[in-house]
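Both of the next two complexes hold subunit A, though its partner changes from subunit B to subunit C.
Moving on, here comes the complex of A and B:
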């Protein structure tokens, strides 16, 4: 059985360039679990802040009349990628995975694919 | 983590802090909820102010109520209900853990609410849900404090938390998301945020936060009644305990006052 901690550990150890990962409760902005990050990246603060990012995108899609759902959100910084992946299971709607990557070392396409696999492992 | 005490951040519950330090196992009972501890860490929490895991998983999630009832009757006696639900294929282990963690923090927010009355600790007590994951008491206290601050940062009207939710029409062009629509559609002017949490199968804190956001956006009426005054400091016994007035003293006092005029 995959639990939250092993999933997050897998994300930070198997995904090339990973700096930290968190599982976030969208309704409260709380990180239910986080691995890595360190003093340079406070993942609990990132969790709360990125909840606002997801909410803003949901509102924008509503404005545009897009009847679709968000699979993931990518934010590109000068030195990092931040990847937000929304959970889709019937019982895990309202949660998202958050992954920070070192831009110099990460393979973005690979990281997205791996994060998707990790998300699925939580839901089966 | 720093252990330096920050001014203004008093412990949410001194008893909880002490029980965590002595690695106690049992149930911490407060007016608005119960925290279950195992070796000083919190393994479960429940509160009458918020829907339990059963409602979150059935009404709010995809679990059939029959599966929940089956798990209760099969594994309730052995206190392994959560484990049974996962092992029997009712839901994924990751989902169970995520929902359980969310439920723990949600119930703890209400159980640890200020003025929640005296606390009692029933040593050795466990919950039939069984332990899936444990969280440090300090993390629960920290999160409870963050949630209180978040509510007030969004829209500082605590009376919204307990008053019936009264929707207001959206302004032309104002965006209402699907999640908000679901809440507003069920707000009939009678249901409080807690009632809505039950109907929607969502954690009660999430509903409080949604209602505050809706009120800030003008989509829900903000009650105009002034917030209740903070409870006055308790009066000393000599004032509240009914005693027959000391008539002789009062007479002497009156005479002295008259004499000084």
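Moving on, here comes the complex of A and C:
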């Protein structure tokens, strides 16, 4: 089991093409931690904005009567991929990992696999 | 409703800013701009207890300022209270005014902070602009200790 800081560092250093990563509480829209980002990608803004994305999808699924859960959400931009992965674990309901990738350098399948591994080892 | 601090047209502009803020953060149930000494400058809320909220905000602000000061954290920036049924957040709008927001428990606090900080900058500009327009010997003092 690894802590938040270690998991985020691992995500930004081992995943090819990573620009920034954050762990977000989508109950409040606040980040528990973030690594990377910078002036081109404000991760506190991303945390708040993507909280709305996750909440909208959860609500939509409720309205559709889908008794299922979100594993991850992929947003494809012209030059970036944004990956949102919801945490499962007993004590980590209500959080998601957010990862921004450079589309030119990233391997999406590999990134998704690595993020899943990091999520499984993460303890909040 | 309007106080001596800002003229009516500035009050209208502040009110427009509060309405824009409520449109951007729909979970807000009330928004209020008040002077640091507890007078309502503009308010947009369904409930009518603006005067008492402004007065309580001023009292909380005084304590928050002292707390921030005596722990070496510098001047007051913001105050967040979480109750069982929601949040009350107060943001500094310059030296002489504050922005107080009342939000439902399911509000996105991250977004609340982002939008409210932007609004408080805008409200500061509106107040300073209106004080500038009226500058002269009669201009109200904006000092707070």
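As a convention for this text, the second predicted complex is superposed on the first by the 121 of 124 C-alpha atoms of A that agree within 3 Å, B and C clash if a C-alpha of one lies under 4 Å from a C-alpha of the other, contacts with A are read in each partner's own complex, and residues count from 1 in each chain.
In the analysis below, contacts are C-beta pairs under 8 Å (C-beta built on N, C-alpha and C of every residue); 3 or more make two chains touch, one makes a residue touch a chain.
Note that the structure is a prediction, hence the values are computed from the model and not measured.
Trainee: With the two structures overlaid on subunit A, would subunit B and subunit C clash, or do they fit side by side?
Mentor: Aligned on subunit A, subunit C clashes with subunit B.
Trainee: Applying the touch criterion given at the start, work out whether A:30 contacts subunit B, subunit C, both or neither, answering first, second, both or neither.
Mentor: Both partners, subunit B and subunit C.
Trainee: What is the contact status of A:12 with respect to subunit B (first) and subunit C (second): first, second, both, or neither?
Mentor: neither
Trainee: Contacts for A:90 in the overlay, against subunit B (first) and subunit C (second): which applies, first, second, both or neither?
Mentor: Touch status of A:90: first partner only.
Trainee: Which touches a greater number of subunit A residues, subunit B or subunit C?
Mentor: Between subunit B and subunit C, B touches the greater number of residues in subunit A.
Trainee: Where does A:49 make contact in the superposed view: on subunit B (first), on subunit C (second), on both, or on neither?
Mentor: In the superposition, A:49 touches subunit C alone.
Trainee: Which holds for A:59: it touches subunit B only (first), subunit C only (second), both, or neither?
Mentor: In the superposed model, A:59 contacts subunit B only, not subunit C.
Trainee: Enumerate the residues of subunit A that count as touching subunit B in its complex and touching subunit C in the other.
Mentor: Residues 28-30, 48, 55 of subunit A touch both subunit B and subunit C.
Trainee: Write out the stretch or stretches of subunit B touching subunit A in their complex.
Mentor: Its residues touching subunit A are 57, 61-63, 86, 91-99, 101-102, 105-106, 133, 143, 146-147, 150, 175-179, 202-203, 205-206, 209-210.
Trainee: Which of the residues in subunit C end up touching subunit A in this complex?
Mentor: Residue positions touching the partner: 108-114.
Trainee: Which of the residues in subunit A end up touching subunit B in this complex?
Mentor: 1-4, 7, 23, 25, 27-30, 32-33, 48, 55, 58-59, 62-63, 87, 89-95, 121-124
Trainee: Could you please specify the touching residues of subunit A with respect to subunit C in the complex?
Mentor: Within the complex, subunit A touches subunit C at residues 24, 28-31, 44-45, 47-49, 51-52, 55.
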